[in-house]
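Each of the two complexes below includes chain A, the first together with chain B, the second together with chain C.
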Partner chain A sequence: MKQIINRRSFLGSTLASTAVLTAADMTVLDALQAPAVAEELKRQDKRVILFWLAGGASQLETWDPKPGRPTGGPYRAIQTNVPGIHISELMPKMSQRLQNTAIIRSLNTKIGDHGGGATLMHLGRRDESALQLPDLGAMIAREMGQIDSAVPDYVAFYTATEGRSGGTGQSGFLGARYAPMFLTTESKPADLSLPPGIEAVDHQTRADLRELLSNRFAQGRKSSSLGSHNEAYARVRGLMSSEQLFDISGEPQAIRDLYGPTLFGEQTLVARRLIEAGTPFVKVSRAWWDSHGQNFETHLELVTELDHVMSGLLDDLEQRGLLDNTLVITMSEFGRTPSINASLGRDHFASAWSVSLTGCGIKGGSVYGKSDEDGQTVADGEIGAAELFATIFHALGIDHEKEYYVGVRPVPLTEPGTHPLKDVIA
Partner chain B sequence: MIANDPNNLKVVKEVNRPGILFALAQQPDSSRLFVGASDFKVHDFDVMADKPEVVEYSGHESYVTGVVLAGKFLVSGGYDGRLIWWNTETKQAIRSIHAHTRWIRSVAATPDGKYVVSVADDMVCRIWDANSGELVRDLYGHDSRTPHHFPSMLYACAVSPNGRYIATGDRVGKNIVWDLANGRQLAVLETPIMYTWDPKARIHSIGGVRSLAFSSDSRLLAVGGMGQVGNIDHLGGLARVEVFDWQKGERTHEFAGDEYNGLVERLAFAPQDQWLLAAGGDNAGFIKFFDLAASKLIKQDKAPMHVHDLVLNDDGSKIYAAGHGKAVVWELAGA
Partner chain C sequence: MRSSPHIVVIVCCLLGMTLPVYADSSPELANQEIHEIVDHFIDLRLNAVGVAPAPQADEANLLRRTMLDLVGRIPTAEEAKQFIASTDVNKRVAMVDRLITSPGFPRHHANELNAMLMPSGSGDLLKYLRPAAADNRPWDQVFRELLAADAESGADQFLKSRVKDLDRLANDTSVIFFGVNVSCAQCHDHPLVSEWTQSHFFGMKSFFNRTYENGDFLGERDYGLVKFQTTDGEEKVAPLMFLTGTVLAEPDAVEPSDEEKKEEKNQLEELKKNKQPPPAPSFSRRAQLASVALEEDEDIYFSRSIVNRVWYRLFGRGLVAPVDQMHPENPASHPELLDWLARDLVKHDYDLRRLIRGLVLSDAYSRSSRWEGASDPAPDLFAVATIRPLTPAQYATSLRLASMSPTWFPADTTSEDFEKRIEQVENSASGFARMIDPPSEGFQVSVTEALLFNNNQRISSEFLRDGGDSLVGMLKSIEDPNQLVDVAVWNVFARPTTVDEAEVLGEYLKQYQDNRLIAAQQLVWALLTTNEVRFNY
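Here is the complex of A and B:
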């Protein structure tokens, strides 16, 4: 079921949002103009699922194989369903679904430690000590979420404990309103269920009473905090009603099989349910890819799983008519060294690595950039995190040059002078 | 003087080679080695020559991870799933077959050279007629998936000195002893400590049974791998060896390790079982000798590289080893 948004509901939510913005946003009033509204409506129907491959997935065992080279490792490259494009043989299912995917093989992000790399790839830029910046999920939640939404705007799964602090996500100066619903030990949020002994009708009755008292209190008073207070209640009630989205037990077995039996597969199925219900941004973290030893065994396990889960998700989105409006991203904090160490491992490597973008706004069946024959450097089309973020924003119909204001300081979505990759955009 | 006293262990030759040397066979009564490598080739050279001249055999399309002399042939196996028969006189391939659908991890041969045995990640052990290349028998008994829904791997195989038994070992620590003549399972031996599943921090696994060896009387089976690992990003577990009286199903020895981390990639018994040799490594390498009668470690030392394979000569006085970027020869003869 596609999210249906009409102009009235959009205007309502936009007007309501003006009262509660924590950061002054000079673009809100502009958005009320008719052409901008149309664009906004189009934009708000779009969704993002980010596969955060924490620890650093190897580009050589996924999107940029170098078969036969000393650095290539043992895996072969296989032809995809797009002539001329080869990926690792560990991804046979994705190899037959590449028509909607753009591979970017030319990231040089320069930061080779987990914490710094994760921060960079979450924010699209280096963090600042004086100002906490919002991450990709928070910015997209801010740009595409609806103020009166009954579902969360930003959900992030990160179940493994390793590297979790680097995958938390942050809303920065956008405020807690756009912070992720962060799920760690469980795949469903705690405390959403009604307490024992409280029926739904009791809950509704209490809400009605609270609203009556609140409205009576608000009569004759003018305060933005009143609106915020009421919105917070409404939002919590909405989130409580979204509890069933996290429960996949009712999904047909055929759908569950598409995603597979692993935790990563199950959380990705929840992600699909969330974006179908209107959540703009879901991050499913799959940790931990840090294969300093036994890289090929680790990637046999994890890429095989990624191939199954990702291809299942794409099939499911396509069958539901959601793929055109959903952007699926695979991304890590960095890639892995072309050189193979004595433990048959690969180490941290930020100089020439790969990500993928699939679906919404993307020119599928394409490859952007090129690493050299051994994968040691970028040979063509070098980009950094900023260009990647600009491309993601552009694919979603978001102006990457848009500025937030923190006090009088303008903070653009991406660093000034950054350009999206036109060759990757549909 | 004892010809093969581990306390006399010394490196007598190191030959640097580019890439990774995974598998090794030695021409009897010579220092001519056949080495399977990460450049998809078999390297043929005299390791003791002043300047070894290397002849390369091409034919595989991925890492060459098993080489064995069987009768008059050299047989190599690789991650391309192929077995290739080579004539070592002409240095030409005489037969190449698609033997497995996934990576071949190890190749062995019966002492009489009649049969070749291969194991692969399709989780099948296959017995081949060494002369004709015909498939003799498939042995199924290892699960294709781990209990956690990931692909399993069948790393190790060994043939008993009496030529009657085959042993195989997999990712999750399951070992099977088979009757070569009829394919029956004779024993199942579990070594679960060699498989580390991390359900919390990293949510994947590491380890597996990497090496197997029968004693000279074929009664004992030694199993090599690595103990439980805390941080599975690295080969951080202690090198581990367990020994079984496999017909009784009893574990007779457990060497949990102390000083060296990493995988025990290769095991070999001395000719009269005076000691058991284990070698392997993490980012570095090790070599260890165990006295089974006394259940103790005789000697252990750092190896010049992570050892992937080795061969003992007939009297156990020389060890030829291949590993990360090197071939090495140790002697045990003493002064």
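Here is the complex of A and C:
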């Protein structure tokens, strides 16, 4: 032990180069989770959890049912706890928790293929061949993340998807700093744990020595790329301490039950742990909603799970006082056709579909826009991806007209001339 | 699927900004070498704005920078020591000439050209570029061969990887060969939009619209026009027009009947089945582009763009920055210099090796990357060297080289055996290179990379291995800590140890007196992962 102390104090005291903040037992995160600190975070920072319903969830079996119509399908609509609002009977739990949710029923996004739709709904605008654009998570990480954050600022789960592609996650011209920590095959990110064969203390002191040498090298040399190297290494210790965020085994059974035993539920619990610790943006994907056949069986299973997980999350966030600062979004690449095909399926449909926004900055218990009585077209309040993104930014207190510069070209957060939906914002 | 009403525009009047042709007609500049011309124009502007440039980099720094740029790797300890020890007054020129004629140059040059031509990383052109770089093929010839798209040589990959998206093909070609990016046209309020017309973009696209893929081969039809809608909603047929506004004459394209198209389709299916190329067209639009772009006076885009890109590669910033924004609203920092270099390149048959040699011999190239002055100089003055992230190949090779025992290399650094060992190191580094992000505009190191270096098993197995041929293996056998530090620093940083470094590192190693293997691994890890190794400075 004495030797460990000596080693640890070596760089901190004799050279006084950099403060050696981190204890070898990696308790940084525990400090973050202490109640006082959590309060502070709650005041300052806003968070987003995006439920990405990959493949295209049906608006008719979720937020915009059409009971009794030829397009309605077998499920009923049920009255919610907000007078006048009905949703699908597949969402009984959410129906009793709509006071914090705004439903938008009037998206017309025009792109009906998975790749193009997913890209549009991640970027909030059309893709460009000449410019790599950042997605929602990267923009929010950039706007809300802290440069020296001890936690990742953009985490994207795409495991619960039966290995299908389309898990878009790109930081584009914002650079690798804002790229998602992307989990495709495991629930825990790569290279987060101490490698075998090295003691924690040695792992720490070699990093201290590296930092000392690198800081000396950087003197008199100005370059943001050079700076980013030290910044990335400086975040390693904090990120390693965030490893425990990906481990839910210590959560009380009552909390685990809220989310349920499914992979989707467990990853959502991880998402809650991450945002509580300061991660601004977490995407949890659930697939595969692409019900060209057997739409109703598929949705019975998937909507039921979504209903449980989402309401569990909202209850948990509310209990912790986090809901006012956390925006929960449900979104897909598009919705599904009102017409039911010969295989009792619904096909791709981008002309009149729904998303939901809950919590932070949102006018709860509201519905924006309307589809026609069969759900074939938008009857009122038509919007596209840009308006949705502007609304999301606005709800989080981010100026949606803010411009990034790529060389000489200004690129605003949302397309010029886009307005947020004032009726959806609290 | 393209979408937003792209008002796609391209510069039409670069010719209009041609500058007075005094550079090589003025008597005092007539017979000077490239590096003298570079310094003449760079110094002219520094003097004009009253900025004194940074001093020249020290010899070790200069050698490391030049080697990374010419052969894609850091020097070995022995190479660095020899260069510093040499008393030859012409040693810098000798070093550049040795490197640029060594086998390492074409290998690195091919990698760099590949990164420029295939920036998205989907597919590569190395099969074609390696022999092309080895015989220093003129850049105009490379351009012609890429457009001719011969399958056997692999030259067809440039088109093949893009043929499914003709907008992208047209834009990539403009960006890469002519320095013009259509995306700048999306500036909704750009003051110069009136000078740019959709015809330029769709004209560019017209050179490619008859190109198609059939099985493993590319073909080109004799018919087909590009139509587009103007902002007023009028439908127009795009002229076969180059960026300069020159419209090319071509035979009337007769659209075949449905019957004939069906027959053509059947014929192509048959050829595909037999793995045979489609028939050549009687008139090739692509060939028209290859020829018009290189004609006298039309070649201004082509020659300036490659000069600017080679400059960017060596200086970390183009004379026109960004390199894809060569238009009147964004003039070069040193227009006369760009103009002179472009015309000099044309005059010397597009010899890129000659251009590169000239640039790396300039004083502007060999400045220190440290700036001691109070306020930072404008980057387009080239008053101080830019710090550039290494490419994946440079970084992986350098890490690998730095982690080998100095005794593993033959003592004679000019021998064939030495070169073989270097090539071996390069090859063994290619796997690790794939784990590193390539540099880009405003590059930032990702946390993923920092986590990789901290925690991935591959780092210890590739770079911290104990063995007779590894640096760690050698260091652990050295008892004297000063000597140990000295060997390690030469090997990784390719420079002598500074006094306080020796002190700091010696002090650090005392903590590990009881375990020399761990001591060596700790030290090597800390040196290898510094920013000093990650960047070309």
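Please note the rule applied: the second predicted complex is superposed on the first by the 364 of 426 C-alpha atoms of A that agree within 3 Å, B and C clash if a C-alpha of one lies under 4 Å from a C-alpha of the other, contacts with A are read in each partner's own complex, and residues count from 1 in each chain.
One rule holds for everything that comes next: a residue touches a chain if its C-beta (ideal position, glycine included) is under 8 Å from a C-beta of that chain, and two chains touch if they have at least 3 such contacts.
Note that the structure is a prediction, hence the values are computed from the model and not measured.
More residues of chain A lie in touch with C than with the remaining chain of the pair chain B and chain C. Of the two partner chains placed by the overlay, only chain C lies in contact with A:416; chain B stays clear of it.
In the superposition on chain A, A:173 contacts chain C only, with no contact to chain B. By the touch criterion defined above, A:207 reaches chain C but does not reach chain B. In the overlay built on the shared chain, the residue A:408 is in contact with chain C alone; chain B does not reach it. Once the two complexes are overlaid on chain A, none of the chain A residues touched by chain B in the first is touched by chain C in the second.
Across the interface of their complex, chain A is touched by residues 18-20, 38-40, 61-63, 79-80, 103, 148-151, 153, 200-206, 232-236, 262, 281-285, 305-306, 324-325 of chain B.
The touching residues of chain A, counted against chain B in their complex, run 55, 68, 70, 74-76, 159-162, 260-264, 286-288, 290-294, 297-298, 300-302, 304-305, 340-345. Residues 1-4, 165, 167-168, 171, 175, 181-184, 186-188, 321-322, 325, 329-330, 369-372, 376, 386-389, 437, 439-457, 459-460, 501, 504-505, 507-508, 511, 518, 522-523, 525-527, 529-532, 534-535, 537 of chain C are the ones touching chain A in the complex. Looking at the complex, you find that chain A touches chain C at residues 6-7, 10-11, 14-15, 111, 113, 116, 125-126, 128-131, 152, 173, 175-177, 179, 181, 189-198, 202-203, 205-207, 209-210, 212-214, 216-226, 228-233, 235-236, 239-240, 406-410, 416.
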